[in-house]
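Letters A, B, C and D name the chains as they come in the text, with residue numbers starting at 1 for each one.
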Amino acid sequence: MDNEIGETDLPPPMSDVVCPFCAMACDDLTVAHDRGGRLRITGNGCARARTLFALPALPAHCFIKGRAVPLDAALDAAAALLRNAAFPAVGGLAADTEGVSAALALAERLGAVVDHAASDSLFHGLRALQVTGAMTATFGEVRNRADLFVLFGSEFDRHAPRLFDRLVRPPTALFRDAGAARGFLIGPSDGGPGDGPAPDGFERLTADLIHAPAIAAALSQMVAGDRPHGDRVGGIAMEDLARVATALRDARFGVIGWVAATLDPAAGDVAVEAFNRLVVTANAATRCAGLSLGGKGNALGANYVCAWQYGVPLRSRLGAGPPEHDPLRYRLKSLLAEDGIDALLWLSALNGAEVPDTRTPMVVLARPGQPLPHDPEVLIPVAIPGLDHAGSIHRGDGVAALPLRRLRFPKSSGKPSAASLPTAAAVLSALLDRLPASPLPVLIRETAHV
Amino acid sequence: MSDAYTLLRGGRVCDPAGAADGTALHGPPRDLYLKDGHIAATPPEGARIGEVVDLDGRIVMAGAIDIHSHIGGGKVNLARLLLPEEHREHGSGPDGLRRSGSGLFTPSSFVTGYRYAEMGYTAAFEPAMLPSNARHTHLELADVPIIDKGCYAVLGNDDFLLERLAAGATQSEVNDYVAWILHATQAVGVKVVNPGGISAFKFNQRRLDLDEAHPHYGITPRRILTTLATALSDLGVPHPLHVHCNNLGIPGNESVTRDTITALDGLPAHLTHLQFHSYGTEGDRRFSSAAAEIAESVNRSPNISVDVGQIIFGQTITASADIMSQFRNSGLASPRKWVCTDIECDGGCGLVPFRYRDKAFVNALQWAIGLELFLLIEDPWRVYLTTDHPNGGPFTSYPHLIRLLMDRSFRNEQLARINPDVAAHSRLGSIDREYTLEEIAIMTRAGPARVLGLRDRGHLRPGAVADVVVYDDLPDREAMFAAPALVFKNGRLVARNGQLTATGWGDTIVVRPEFDSAIERRLKPWFEDHQTVRLGNFRIADGEILDHGRGGLSIVPTLTASDSCF
Amino acid sequence: MLLNGIHIENTYAEAFDMKATRLIVTADTPAWARHAGMAATGFATSVIACGCEAGIERELTPEETPDGRPGVSLLFFATGRSVLGKQVETRLGQCILTCPGTACFSGVPRGSKEDLIPMGQKLRYFGDGQQMSKLVGGRRYWRIPVMDGEFLCEESSWSVPAVGGGNLLILADARMAALEAAEAAADAMRTVPNVVLPFPGGVVRSGSKVGAKYKGMPASTNDAYCPTLRGLPRSRLPAEVESVLEIVIDGLTAADVAAATTAGLKCLIERGRGSGVWGVTAGNYGGKLGRHHFHLHELLP
Amino acid sequence: MSVLSFRLKGPLPGRVDASPLLPHRLAALTVTEIAALPLRLGRGHVVVGELFDLSGGPGDTVEIEGDGRLDFVGAGQSSGTIRIAGAVGHRAGTGMSGGVLVVEGSAGLAAGAAMRGGVLTIGGDAGNELGGALPGERTGMMGGRILVRGSCGDRVGERMRRGLIAVGGDTGAYAALHMNAGSLLIGGRPGAATGHGMRNGTILFRGEIDPLPGFADCGLNQLPFLSLLDNHLSELDGVPPACRGLTGRARRWLGDRGFGGRGELLSCL
């Protein structure tokens, strides 16, 4: 326990604080201000949360090409840059619901492509959903019900911190003995921190996750009572896999989980589709559910906002005619790599949206302390949702949206600090106001093919 | 605020809830005054009249109210993501007034608001908000422009309630919990979906009848149903329990539907998408219409109101919390993809895309059953126009549906086009009834408003919110209702001839019954020990809705003992 | 008319509209293709009781078949599309599917849905779910696992209009003379494409007339041409004729039947009176039953 | 027969949507009208005449000078011939239902996706998702023919339902991913995880392969069907020679049984 906490002249600790820094969205944090005005997690955080909550609320300025300027000047410059773009994009999108919403409205005004910094992982699940659907369960259901976990991935502590504390082995569970869950970890054993010995009741099956689709398919085959050909798949002996299949059949409520970010970047969707198939196969006789783990920068929430406002997911062009979704042509990383973008607005109010190292002219809206590969054309610091302003984010299981509170306030001295920065939504709205309102003429394509 | 009145001059006002005799349509045209977003009494001499709109005998009604339409929330959004093909085919760009959007049966939020408004609808109610998904639902609905909206919280499969019932909780404890949920989730009513069945499915049970014991808790759906209905009645929540009966879509389910009505034993309740619950097992195909029996049962039960959930031929998606049914139906998915999610010890979400085919006997008979229910239930105050959007079809098909109800020859033409066996197995062709304009006004406005407890909506008496729709009296009722001449929301013109002219934000309608806050002492540890969201974060603050600047909160007054239910 | 000493009666063969289809059966060797073809077209002499009339049209070289193997081409004739389909289905299933190494294809151009004759479409169920279909060049084929490999069978064939019941009656001095003449004529007629002679060896002795004195008999012996009855008033035979044999011709078109008739007449005339043939005539029913009339005098070589 | 030629005035300023340049559509217009046709470019559009010099007259053949940033060439084509000198960008021939589309150079992503008919010939290499499905669709190619002289990227023939794809060179990973039916011929080496998730259909290639666990080894077989197919291929133009000469003998693998499938990998002799 930090000695500085708890002294009488400090504000009382805040409980049930929601952490906005990953898709676990833990909402049981206790946070206090230390003597320096920094936030300190005093209960229930993970290592990442402790670091990010404790970052100082640095004073932050707007910059044009490295030169400090007032906000208005930065907004004018940003608007000029974006207004003249023929191939604009709005990316990053690591923000709360309101921030994302404002970014999408701006993109619509610009006719821009929209994509999230972490959407490669997001699209593993999304593309699989689009073609086969899914059978899943949320954190609360898993916590109380799951008696077997088959988890694909590595570095669970990094991608899904507190997974074991909160979901796998919670102190209490409604429909099984607390802590009784068992399972298998399928993935590389030489990954990194957190890939040490398997937790109690868990067995590690060392595998190359590039073969996750084949492993899951072989499991489906076994659960359905058939025998796959060969002795091994993806590095796992078939007889070991057969034990997983038996466990899935015997479980009352099995969970197939995966860390999307650790799947084959080129075929993560293929893996998720295979996981879905495995889940559906198991449900013929017992209960089983899929669970996607990981995600950052409110990627899932950003995608949800785009879906409800425009009917399409990210990797779409908005505003230039009807919303046009194309996961291939509108993958922002690819577009940047081929110089297909001439003006980029990058939104990084939360963690998880590293600013791309690109020559493309860029307006960056970033939380203070966001590392920059080089000075962008325009840099506007924005407040951090959940620390400096209220809002909401979506949890990785897709159902719960959680409220973010404001924890930091400007000092009475009036000295500028992160706590007095504008929200991303406010900056984006100010930008929107600087752009002409008349939409581009709509060109309807004769053949709607994609 | 302005001190000027808007005068709508010389319309034939069809206001069944407002006029003393309910038949003003047949009287001489009269004037309507709007002021400050409300209907005003005839102003005193010399009052300033701003705008004057000559209605030339056009028909005037209150804004229409959709009592049951899945327009937002987690499952609707997932449905959008599941069907990129729908959104590829139906998209619209921004035009300076409208935001862009896409979708036909799962339209995006802005498009939803625009289309409702253009059809003369000024309020719609999202009927399946899982409490755990409430914040998401309100975030989404905050992006539905123009119309007012409200949500029914789904209860009856939540483990807290089931556990408390199994432990012998008193009715008053349940009442407090229900009231707390209404407050915490900013809801206007409570819906029960396949009582107990969704939870049973999580225990690997694939069917649960009304009097069958839940595999874990041992309580019956009947108990859950009556306890919740009693709670809402005790709490004075105007909208009675919104019931999605057991065994949706299963041939022979009419008996459980009638048993449900009997089980309610006079307690007020609203049975939703009744069409899906009115199936018999007669005939070679073991699938028949039980609309007559169900309608008879409804006619005899003044405590019961219903909406129909008419099906409309074509592609749509079925979205329901009833994962037990949806998992069973997943083999019918067309295109062949579906979603089934177990949610937060709270409920579920099942999505199964579906194409209703007019040549398929079962689908065609479903169509006929829906229409039979509309036509055989006698009291238009107790039967409301819905397609259970999008489950039976998109809400944009309401004008077509209205024409089917108002125009017998049109109806019989359609009947002649569908699977020919249906005409033989259905009494639809022999039903002469044609809905009158007054009856349409009742079932789309006055009735829903009354059963929701919306005292200032659904009628045109002074003091009502100035949601006013003006129609040309066209012989083609579909054309008439598809593109009203004028639509006013809160006294502001928002659409003309079916085209949007202005946009804005409607209210979120909620109910706030009194309760003993001691219930939170029981709930707090439940949330901490068994949920993954803390109580304080679960509860939605007013500010979360109001701070967006997108419409206000409108609180429906609870009923006191002297208020009658109907 | 007397040609090369042979009486050619001034009469006509009366033939009927039928429906026909052609199947190509291939196998690993010509012999096995023939086995399949013989069996599939066996017991198919007359629609009166066989359901269809069929025969091997000719043998095919590997270059002529879809899968590059030796084969036979078979023609099937029936009174209508549906009975034809039924016959093809059972014969395909019992005689071709069963025969080692065979594959079966349609031998007619793709037709309309109303003319469809199911082949693999019905037979595939023999595969019990292990069958597989392939679409090649716009046509669908079924591959059905069988014990020697795979039975490849086109999904369907199509019926085409056809003409059945063309005929020649050979009137000869003696039984052997009639038989030898009929063999020679049949061989000549088989070289004509698009026709088959459905009776055993192409020759039939039990020519028939319509009706009988017994109830329930639709046809009975053609007593006018039975030599043992030639003293009776109804007989059409001159005293010197001791044996009559008939060749029945089914063809895809009237022109095909006519060409076969001509080929038969040519053979018989060339062989001359010295071959023991007295004359040639044809069977008809007074022109009331079939719309195709093959006048012998018009079809002379 | 008149030919209308589009010659590039210079490098394209960005990705251009060339889908309006379909023969049947242009045949109804004058050259002046064609020069004024808008093409989507980024958030706006550009007229044809700004990008191309036009020569010849509208008819059933269109010739276009290619560019790797020219997307949607021949998308929705239903008739006539489009010939591209050079490369094309993404989604060439998407949703094509008839006619002939000849790309002399290479093609970008998702060429021939959701094709229903017609012939797409690619002289060079093709990118990922050749002959695949539209985003989110359960069914990919529904008919027609795709012939590629060079190699192709990952996921060729994803969710294919009908038709023929012949690739002269190698295929990338996940060839015929979740294939429903149809035929994929690989003249070179099949990539990793070929046939994953396949429900039905045929993948033909030469040489040995180590298939996924979901494929059951059904050994060597003599298949008359292969001769039939080879005969058919001999009648077509543009089939890569490496895809020809099937002897009828092949090792057969059935799967992907991990997905309840019963498609086949045929390792041909």
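Just so we're on the same page, a contact is a pair of C-beta atoms (placed from the backbone, for glycine too) under 8 Å apart; a residue touches a chain by one contact, two chains touch by 3 or more.
Source: prediction; values computed, not measured.
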Chain pair, C-D or B-D, that carries the greater number of C-beta contacts: C-D
Inter-centroid spacing, chain D versus chain B (mean Cα positions, whole Å): 47
Euclidean distance of C-alpha centroids - chain A vs chain B, Å: 34
Averaged-CA centre spacing for the pair chain D and chain A, given as whole angstrom: 35
Contacts with two or more other chains, residues of chain C listed in rising order: none
Chain D, residues touching no fewer than two other chains: 134-138
Multi-partner residues of chain B (each touching 2 or more other chains): 82, 84, 88, 337
Chain contact topology (line, ring, star, complete or other): other
Sites on chain A touched by chain D in the complex: 85-88, 110-112, 127, 130-132, 213-214, 216-221, 224, 226, 228-230, 233, 238, 266-267, 270, 273-274, 277, 317, 319-320, 325-329, 340, 342, 440-441, 443, 445-447, 449-450
Residues on chain C engaged by chain D in the complex (per definition of touch): 26, 66-69, 103, 129-130, 132-137, 141, 143, 149-150, 152
Chain B to chain D touching residues, read off their complex: 82-85, 88, 335-337
Interfacial residue positions of chain D with respect to chain B in the complex: 134-138
Chain A contact footprint on chain B (complex, rising order): 72, 74, 76-78, 80-82, 84, 86-89, 91-96, 99-103, 106-111, 130, 132-133, 135-136, 139-140, 143, 159, 163, 202-204, 216, 327, 333, 337-346, 349, 351, 528-537, 540-541, 543-544, 547-548
